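Structures incoming, each one as structure tokens.
Here chain A shows up in two complexes: once beside chain B, once beside chain C.
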Partner chain A sequence: MTGGRLHPFTLLAIAGALPALAWILPAPRGGAATAAVALVLTLTPGASPGLTGTGVSPGWRPGLVVLRTAVLTAAPFWLFLLLLHDVPTTIAIGLRITTMVASFVWLVAALQPARLVEAMVAAGWSASVAYLLAATLSAVPVLKARARRIVDAQRCRGLSPRGGIAARLRALRALALPLVLSALHEVDERALALETRGLVPGIRRTPLAPPPDPAVEQAARWALLLACLFALFRRFL
Partner chain B sequence: MRSLTLEGASFWYPATESPALREVSLEVAQGEVVALVGALGAGASTLLLVAADLAPRVTGGRLTGSVARRDRSGIVLPTPWTQASGMAFTVWDEVAFGPANLGWPTHEIARQVDRALEQLELVPLALRDPASLSGGELQRVIIASILAMDPGLVLFDEPAAELDAEAARALWRLIRLQAKEGKAVLLATSALDALPDVADRVVWLEDGAVRAVGTPELLADVAACDAGLGTSVASVWRASGLPGPYPLTVAHALQRWR
Partner chain C sequence: MSIRLLALIPVAAAISLALSAVVDAVALPLFLDTTGTILATALAGPRVGIATGVVTSAVNTLRNPTFWPFVVVQIIVALYAWVAARAGLFRSFRTAVPAGLGLGVIASVTSTPISYLVFGCTTTGGIALTTALGKALGLPPLGACFFGSFVSDFGDKAVTFALVTSVLHALPRRTAARFPWALRAIGAA
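So, the complex of A and B:
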């Protein structure tokens, strides 16, 4: 499966269905199955930007980067769950949360915002709503790249993000403030720029290159929906 | 024919007591290039936002006086990174983002985009990823993006800030061409040396108010030079202690010298 080539709606359907199934199916087997699928998805080609961060990489290594991101993001949840619950409950909830985290991380890596906008506009959605959704998904890599630039700048000034806890905390403080302030500042300018480029409520945008939506993918999306409904029905009735 | 008319326009940003613009009256006609000059904080960028109908509609704040726009406007802001849509795989797609939002038919979008790319000499970069461009290249892409929307009133805020000397010269030629095609151009810039060849009129802003309006000769005015708003030639002439009126350009200086 190549995440980057699937229709954006299919990617969204998969990323939505997996967490839904994780919570609907009986624990821990249901959560284990969905978590395994979600984690395997993070290894699929196209799930990660290339080394330059600008293209879609068919390589294996970037996939590992996405897997690592998913695992590292999910790990703190396991820790907190273990502090609050017994082991069986921790495993049950932890697997579900891992499914949610891995699905989202995979979606962010695999879904190209421009394709999502084109697909939504072609499907008759408002362009501003489509942009809002796509911009939310693209915010993570944008902030990551900005954080990397700020860390590089701090390094040039002699502040290393490595070392003991005290040094790391100092580096974190030096990173957080400019990251938040620059992001807030950019929001204003971006709003002005988008307005002047015609992205205003109520527009009817012309789709330039809507991604193809093969019948098999449409069928797969319906199948995912039916699978969720069926699992829900079996669980509670 | 007037494209933009401001009459006694004052503007306050949100949560500020003193206005960023004070009783500004200004007209920009079709086919005319008007340059806004002034020190930092003089109000040139704010005036452009008001002219573009972005202030107070998007920025918030309060506007008094009247602003009449006859044409659709497009504004080029000074930082290209925040103006990229972030939704384009290629430079062509980036330039097409605005025209597509206008709902134009595909063939018209393609025509305007190709034309804008040619005008900005961006055809060789058409298939490049916008994220891989330099600041100057991206600024040219943003300018092309605005021109591709075919606005009747084009507003530039420090458009040459990211450009090298050659690209800046090409931009000034393009601005004159836009005026020749009948567009109204309002330009805020600190590149004062370019204005004698680019601007039809110069508006000197000071503390949010219009201090003087005139031809580019204004930039050789003694008071303008005292305020740091003279061209390089006028400033050098002044610094060397030669008497006024100061020459505006090298050609003027040669005439005076002989």
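So, the complex of A and C:
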């Protein structure tokens, strides 16, 4: 079964369990095993370039784009670790960080936010929680684009973002204030839109197309949790 | 929680993440990634502030997974901002900037163990380089890690508090009055 077809909670459980095991299991073998599993996951067919924003680049087969993102994200940590630590410590911490990075890059590529929202609603989570994640994800690119427009507009009016620290701080205020104030003025519009759509906190909604959650996957999630607890128990007791 | 406060949370979290575009434009060594958390707390109290901090960390984690362990720092920031708002410390720059410096110390103390134990002090290039500088100055590993976090957090939180103060004072009174804590935070109620 590929990552894209797994239940969203199973994807989250795998992405949470791998880094946990990387830190719990003895280094460097534990970290090497979990990093290998996480890197292999980035090659599974269900992991397609998603929120990572990597896209398809020349010279990389589409199936390797997620792996490349994971490797490129983890690489600077190895460099900084070598700068600060000896080789054994670098390997131990580097493998753990690589596990964490590869797991999350795989998760972001394999997890569809809409399926997660449906799964959360089906599991009885408040629709408000699902709204918070979905609304923030959609608001960030909008506000970033607005920030760039404000930067351009202020430059046209003669604002210079260069010079000494005091000049840059004044420029920062002139750029940030319109962005934040305009965003805050949207709150009432958003609240009205939510009320119109009946999103009242505490009310349980019916999911339109909840993702199937087979008993095997539910058992696998419990098994992952037990594996982490067992590893923790063996390591420290 | 009212619908207005629920709608404030994603807006505030998005502000934290979108301000990176402004920081890039002025090329200052700042993050401003707690602006939304502090602003939401000053406007609407600790529950909204903590929720904003957690959502900010969750969404930031999708961009860079190393952000998630620092969700604790966002919660501490929200609690500190609540105390500052209750004390009316956002009423002027003279009170807000020292409060921000205090938060810088607290944030560094909170983030240092996470950075040291989880990442070996390599969370960002800047922090790794300042940590290396601390080691070169003869500091022990944990001390060098704190030095790296302190250098990055100290000024950042002071600027963030000053920015939030500017926003709170620039808000029209009618808009500010719609949020339960806004007027008290600036000492107007």
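To be clear about the criterion, the second predicted complex is superposed on the first by the 151 of 237 C-alpha atoms of A that agree within 3 Å, B and C clash if a C-alpha of one lies under 4 Å from a C-alpha of the other, contacts with A are read in each partner's own complex, and residues count from 1 in each chain.
One rule holds for everything that comes next: contacts are C-beta pairs under 8 Å (C-beta built on N, C-alpha and C of every residue); 3 or more make two chains touch, one makes a residue touch a chain.
This one's a predicted model, so the numbers in the text were calculated from it and none came from an experiment.
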Margin query: Per the contact definition in the header, classify A:R68: touching chain B only (first), chain C only (second), both, or neither.
Written below: neither
Next item on the list: Check the residue A:R29 against both partner chains and state whether it touches chain B (first), chain C (second), both, or neither.
Entry: neither
Check: Is A:A191 touching the first partner chain B, the second partner chain C, both, or neither of them?
Finding: both
Check: Thinking of the overlay built on chain A, is A:L199 touched by chain B (first), by chain C (second), by both, or by neither?
Finding: both
Next item on the list: Tell me which partner A:L133 touches in the superposition: chain B (first), chain C (second), both or neither.
Entry: second
Next item on the list: On the superposed three-chain arrangement, identify whether chain B or chain C touches more chain A residues.
Entry: C
Check: Who does A:L208 touch here: chain B (first), chain C (second), both, or neither?
Finding: first
Item checked: Footprint overlap on chain A, where chain B in one structure and chain C in the other make contact -> 53, 131, 135, 142, 186, 188, 190-191, 194-195, 199-200
Notebook entry, point to check: chain A touches which residues of chain B in the complex?
Noted result: 49, 52, 54, 57-59, 73-75, 77, 79, 82-83, 85-89, 93, 96-106, 109, 129, 131-132, 145-146, 149
Checklist line | chain A to chain B touching residues, read off their complex | finding: 52-55, 112-114, 117, 127, 131, 134-135, 138, 142, 186, 188-200, 203-209
Margin query: For the complex, give me every residue of chain C touching chain A.
Written below: 1-4, 6-11, 13-15, 17-23, 25-28, 30, 32, 35, 39, 51, 55-56, 58-59, 61-66, 68, 118-122, 125, 128-129, 131-132, 135, 159, 163, 166-167, 170-171, 175, 178
Note to self: Show me the residue ranges of chain A that touch chain C in the complex, using the header's touch definition.
What the structure shows: 23, 51, 53, 73, 76-77, 80-81, 83-85, 89-90, 93, 96-97, 100-101, 103-105, 108, 128, 131-133, 135-137, 139-140, 142-144, 146-148, 150-151, 161-162, 165, 168-169, 171-173, 175-177, 179-181, 183-188, 190-191, 194-195, 199-201
